[in-house]
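Per-chain residue numbering starts at 1, and chain names A, B, C, D, E and F are given in the order in which the chains are listed.
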Amino acid sequence: MTTRRMDHMTWPQFAACKDKPVIVPIGSTEQHSQHLPMGVDAMLAQHIAEDVAERIDGVVMPTLCYGYKSKPASGGGPLFPGTIDMNGVTVINLMHDVLSELVADGFTKILVMNAHFENEAFIVEAIDLVTRETNGAATIVETNWWDPLPQAVVDQVFDGLSFPGWALEHAAVTETSLMMHYEPELVHMDRVIDKGNAEAKTYVRYPVKPGDVPDYGGLASPAGSSAERGKLMADACVEAVASICEREFGPNVA
Amino acid sequence: MTTRRMDHMTWPQFAACKDKPVIVPIGSTEQHSQHLPMGVDAMLAQHIAEDVAERIDGVVMPTLCYGYKSKPASGGGPLFPGTIDMNGVTVINLMHDVLSELVADGFTKILVMNAHFENEAFIVEAIDLVTRETNGAATIVETNWWDPLPQAVVDQVFDGLSFPGWALEHAAVTETSLMMHYEPELVHMDRVIDKGNAEAKTYVRYPVKPGDVPDYGGLASPAGSSAERGKLMADACVEAVASICEREFGPNVA
Amino acid sequence: MTTRRMDHMTWPQFAACKDKPVIVPIGSTEQHSQHLPMGVDAMLAQHIAEDVAERIDGVVMPTLCYGYKSKPASGGGPLFPGTIDMNGVTVINLMHDVLSELVADGFTKILVMNAHFENEAFIVEAIDLVTRETNGAATIVETNWWDPLPQAVVDQVFDGLSFPGWALEHAAVTETSLMMHYEPELVHMDRVIDKGNAEAKTYVRYPVKPGDVPDYGGLASPAGSSAERGKLMADACVEAVASICEREFGPNVA
Amino acid sequence: MTTRRMDHMTWPQFAACKDKPVIVPIGSTEQHSQHLPMGVDAMLAQHIAEDVAERIDGVVMPTLCYGYKSKPASGGGPLFPGTIDMNGVTVINLMHDVLSELVADGFTKILVMNAHFENEAFIVEAIDLVTRETNGAATIVETNWWDPLPQAVVDQVFDGLSFPGWALEHAAVTETSLMMHYEPELVHMDRVIDKGNAEAKTYVRYPVKPGDVPDYGGLASPAGSSAERGKLMADACVEAVASICEREFGPNVA
Amino acid sequence: MTTRRMDHMTWPQFAACKDKPVIVPIGSTEQHSQHLPMGVDAMLAQHIAEDVAERIDGVVMPTLCYGYKSKPASGGGPLFPGTIDMNGVTVINLMHDVLSELVADGFTKILVMNAHFENEAFIVEAIDLVTRETNGAATIVETNWWDPLPQAVVDQVFDGLSFPGWALEHAAVTETSLMMHYEPELVHMDRVIDKGNAEAKTYVRYPVKPGDVPDYGGLASPAGSSAERGKLMADACVEAVASICEREFGPNVA
Amino acid sequence: MTTRRMDHMTWPQFAACKDKPVIVPIGSTEQHSQHLPMGVDAMLAQHIAEDVAERIDGVVMPTLCYGYKSKPASGGGPLFPGTIDMNGVTVINLMHDVLSELVADGFTKILVMNAHFENEAFIVEAIDLVTRETNGAATIVETNWWDPLPQAVVDQVFDGLSFPGWALEHAAVTETSLMMHYEPELVHMDRVIDKGNAEAKTYVRYPVKPGDVPDYGGLASPAGSSAERGKLMADACVEAVASICEREFGPNVA
């Protein structure tokens, strides 16, 4: 098996991949309650990207591990130590430069695999800027791992459980299950604190205050999480993303 | 009745309002299909802001009429003439400066009333920056007009109709009805083109291509729109926002 | 009569105007003494733009209501509540993005109608940047409403009065008269404070101190203002600007 | 006589000057017709600054030799080789950093001596930003050399000549005379081209075209220039600026 | 053994480390000749950071995998596919935000471990900005892995070999040996191309041209590289950095 | 002899030089111990640039007198009054704009002559940006004056003295000797403080503390400096740079 990781390749190996899709994973470094590590978003972005690359014969770039500011409404929140918030301009520039360089190197099929909701607007701004500057030389697709999941799969994942809505799915069933699938040794189910589900706010208020996110760091219960549910999602996500790539990058892909 | 519009006040009148909530409306200038004018988002932001101000004894700032880039997935799209897309940094800086100046003038209760989905991440970035710079001297709330609408009201608005989801609600029933309520002379129901609902994409792809948004400019049918449905939403929105203000700005408000 | 306001048009209406001149009004939000509202500059920019559009068959974009920092030497000053000062970079970017989008939409005759002196250098920087980036694809003209007024008209406006010089004409005879012409209900002549004329400074000093602008907010007497004088200026300005447009945009205009 | 030039001092000498006014000269590098060199603005800023320093016991910083974009309406214009135009942001940042460092070093009396009209708005933006960031720790004065000249002096300088207005005074009588006073060997009166006075435009138009500035580079006749007229202006300017410094920096100065 | 990787910790684990040194590794993604992968700099930064953390009881942040533009004079060069060059502002902002957040979280002992020469000026700019903004709240140390190596160790590493100077040490003996020590399976000695040493340029010339770096991508011979030499350097580097930390962070460290 | 200084030329003179090399000197304004003035770097950059211009028939632009932040490790340090530190972005933009304008004016052979080590990374960033934007329309060379000096010359300069390494050569033998050669009246050998050589640090630590640079401001002894040694270096530097220009700008040069 050949490696999928670009940073494990020599430059002639990478140069030989110009017609393949190249995947840029982006996550974040933020608190994920008491039972998950702070690298969850970066790790999920990278693992899913590697699985997608395997499925569509693609290449995976080094993961952008730091993301845009974590917001309470999405389950993070800046008041927890270890939540490392990038400014919006930083995320735009960082993604801009990575994409620009890939386009300059001749890659024309680029997939940004995002695992941190708050990143999305800034990623897309970068994609728009690069597209303008390069006259649309490359097709650039961006997706969050959860967006293309078929409803049927979500239903299956929450079989016997109740889905609190994606807004509260921070360190809850989906992320915990995916981590049990991909990085079981970093999941500490014995430390789970479960105070039921918080209520999703319909607005934003600053300054953020203690209590906007429950003090242990979670928004919804991870109870019932399992590696099987994680695998279910991972497989479905890879299949859905592969199908997006086929549609957008052309029939030879996937 | 005293004016609610800050730009209609003299400075001593405005100076006397320091303890009141001040509302910053922000919209966009973008295509709204064949039957609605390009100022829809700016007009709705301003009208709702004025109604809210009347309800909570607040003041309305001049409306920011230009917004962040319109995206196909939200029904706009850069390929239509008249869609005037600001860069992300521009929106951040513009909102930053307006908010900074209000805080410097001693206002501590600020509501940003948004009517263009794509603005939100950049507005919130500005709020975060101002909050950091001023050490949280003001409570700043941001909401989209649709977010705090109770589900019961949405059901009532779509009584006899089918709700396509907010992502497709561009120049469709909700915006058309609100415009029939607030600006009836600018609504041209005779020009409505109705090709049913587009499909919401689960990902982003650049460059944007003709056809990403149906060529007439709409994503979902405006059929069944009425001033009554518009009023229903407007009233419910005002009530919901007033209640948010009371919660966040203190009992004396609303 | 067809509308001149772009935000009142549908996109097909606007698309049909590509060969017409398009006018971008820009004002400010700043204190205008005790008898005028804070929206004076934005309102004058918009009214004159609409009159010019009527005269030359042009289109008026939504007004940029917030402008560059108000300076004491021009009669404003940051120490009055309600003066909302944008940073220079913000004004440059905002104007840049609006102009860029118009050029991208195929408009080639663009007029920026400015009503706030302090904006000008930053507007022109934006015009220069857009011109470089687009290789001069559009002819872009910028003028302040007072600059093209013939001396004879200024003399006539100040018939029986004494002209203090443009530097002191803040909330004084010209702006007050124009507001009496365009927005009479927003002028409060009963609140006029008239302490004669301040002295124009020949230099800039920071920090700005209380007293740099007289504490009521005016720099010169508005005594003698009238709607007639306002109309005189408005008509002459429209004629002068129309003539500039004819010279720069070609014989088919105006 | 002690040196006035900061760059000629050792740091202990400069450290001993903290209570003195420090002067930052700023000019430009731009075409000055056929008979004057491109460094006119920078040289005049520096010479006048040195004379002022001598008069008020001040210190002169190294001259900022590159300025904001030269505009046709002020007699320069970007189409001539040798006109080196800085972007607005560059001028703001450059002046910002110089002023910030002086304030950080404990200087509280700072004079910016400008000799290039187009610089002014960007200089003042920098002054405003530094003043905000440092809470007004220093008094910062900015003036153009021509602004504080008494009318009587201007009349005397143009005795027997006709004053075309400051807008056309580019490479004309005032600058030529000042250069004859300060740098006679760099003035080439034998190369003077004199086509009379151009007409001052009342607006700005982009793109700039050949002919916006007469092709030899001047806007008004330098005929009649003399070192005597130059000295008259220089002396009056120094006196006027010294008097401004006394007013703003306190009685011990000048 | 407890983990040293911050992204493997939960937030309460990280919160408990506030008094410990925290290490931020930064590398690059660039061509490393035919026998080394493109992630060399990022991997070395991370491995050495982890070894240092183990030695001084510190914590390792996620590695910044993308760095400043690779320059021919340092052995990289932008003309090779896979060299992903960030703009200077991007590197400054990225490092700025990471450091700011660590300081905001209360960490006061921060070490930036750099493995890509070209990063250094931009890292230090970020450190300077954060130090100013936070009034020096944290002690921030930056070092390249090669700088603190004692000369005796360099001599030992090159025992029997000839040291070409650090400027040419790109994909040569030091990096190859370190990779053989840390990531042996990613080193392909069978693909080594050895054309002897290039000559170090004493200046910079743009545009970069093919041939500025030999076409296979190396600047000096990796012949003689071994895991033993790698370990020698790694151990000496860890010891030297630990000693720097002890000196700068206080006696309790290391 | 014709002048080499561009600011002493009229624009037609400069326009006639388009095929010649144009040299942009950049220095700094920073403390140089007790016996040298703060303008050392700017003066050396300019003098050497003028000598090189004489040698290769080139033109010298006005010197950029302010440079990037002075660092203790290079002998300067921000804690001394008179060290005027520009931010990195300021230096990048300033150099960018000067180079852009030269390329726009048609110059294709540009040499940046640097005399302040800390500037280099930011200068090169500007060169890279301009090269990308102009598609490599000009050949741009950058060098520090010390880099191309042959080792034999360095040995000769330090004949009878001991060379402390370039990192400590701040206000020491090389700069002092060059100043004795070029600006003898600004060298105060009677004020020399000589405490031997400081130790070069192998890392960077912030905040900078008093004592990081010896309190008098020097890092190594200037004892033994002489105009002769200065001339030796100046001549060798000019010859080496002329030879670089010949190699990079083509055989007609030098």
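Rule of thumb we're sticking to: a contact is a pair of C-beta atoms (placed from the backbone, for glycine too) under 8 Å apart; a residue touches a chain by one contact, two chains touch by 3 or more.
Which chain is which protein? Per UniProt: A, B, C, D, E, F = Creatininase.
Just so it is clear, the model here is predicted, and its values are computed rather than measured.
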item: Cα-superposition angle relating the copies subunit E (Creatininase) and subunit B (Creatininase), to nearest 5°; value: 120
item: Cα-centroid distance, subunit C (Creatininase) relative to subunit E (Creatininase), in whole angstrom; value: 55
item: Centroid distance [mean C-alpha coordinates] between subunit E (Creatininase) and subunit D (Creatininase), Å; value: 48
item: Mean-CA-position distance for subunit C (Creatininase) and subunit B (Creatininase) (Å); value: 27
item: Sites on subunit F (Creatininase) at which at least two other chains make contact; value: 87, 89
item: Chain-level touch network, classified as line, ring, star, complete or other; value: ring
item: Neighbour-by-neighbour ring order, given that subunit A (Creatininase) leads and subunit E (Creatininase) comes next; value: A, E, F, D, C, B
item: Touch list for subunit F (Creatininase) against partner subunit E (Creatininase), complex; value: 69, 71, 87-89, 92, 118, 120-122, 124-125, 127-129, 131, 136, 139-143, 147-148, 202-207, 240, 244, 248
item: Interface residues, subunit A (Creatininase) side, partner subunit E (Creatininase) - complex; value: 5-12, 14-15, 18, 29, 31-39, 42-43, 61-66, 80-87, 89-90, 93-94, 96-98, 101-102, 105-106, 186, 188, 191, 217
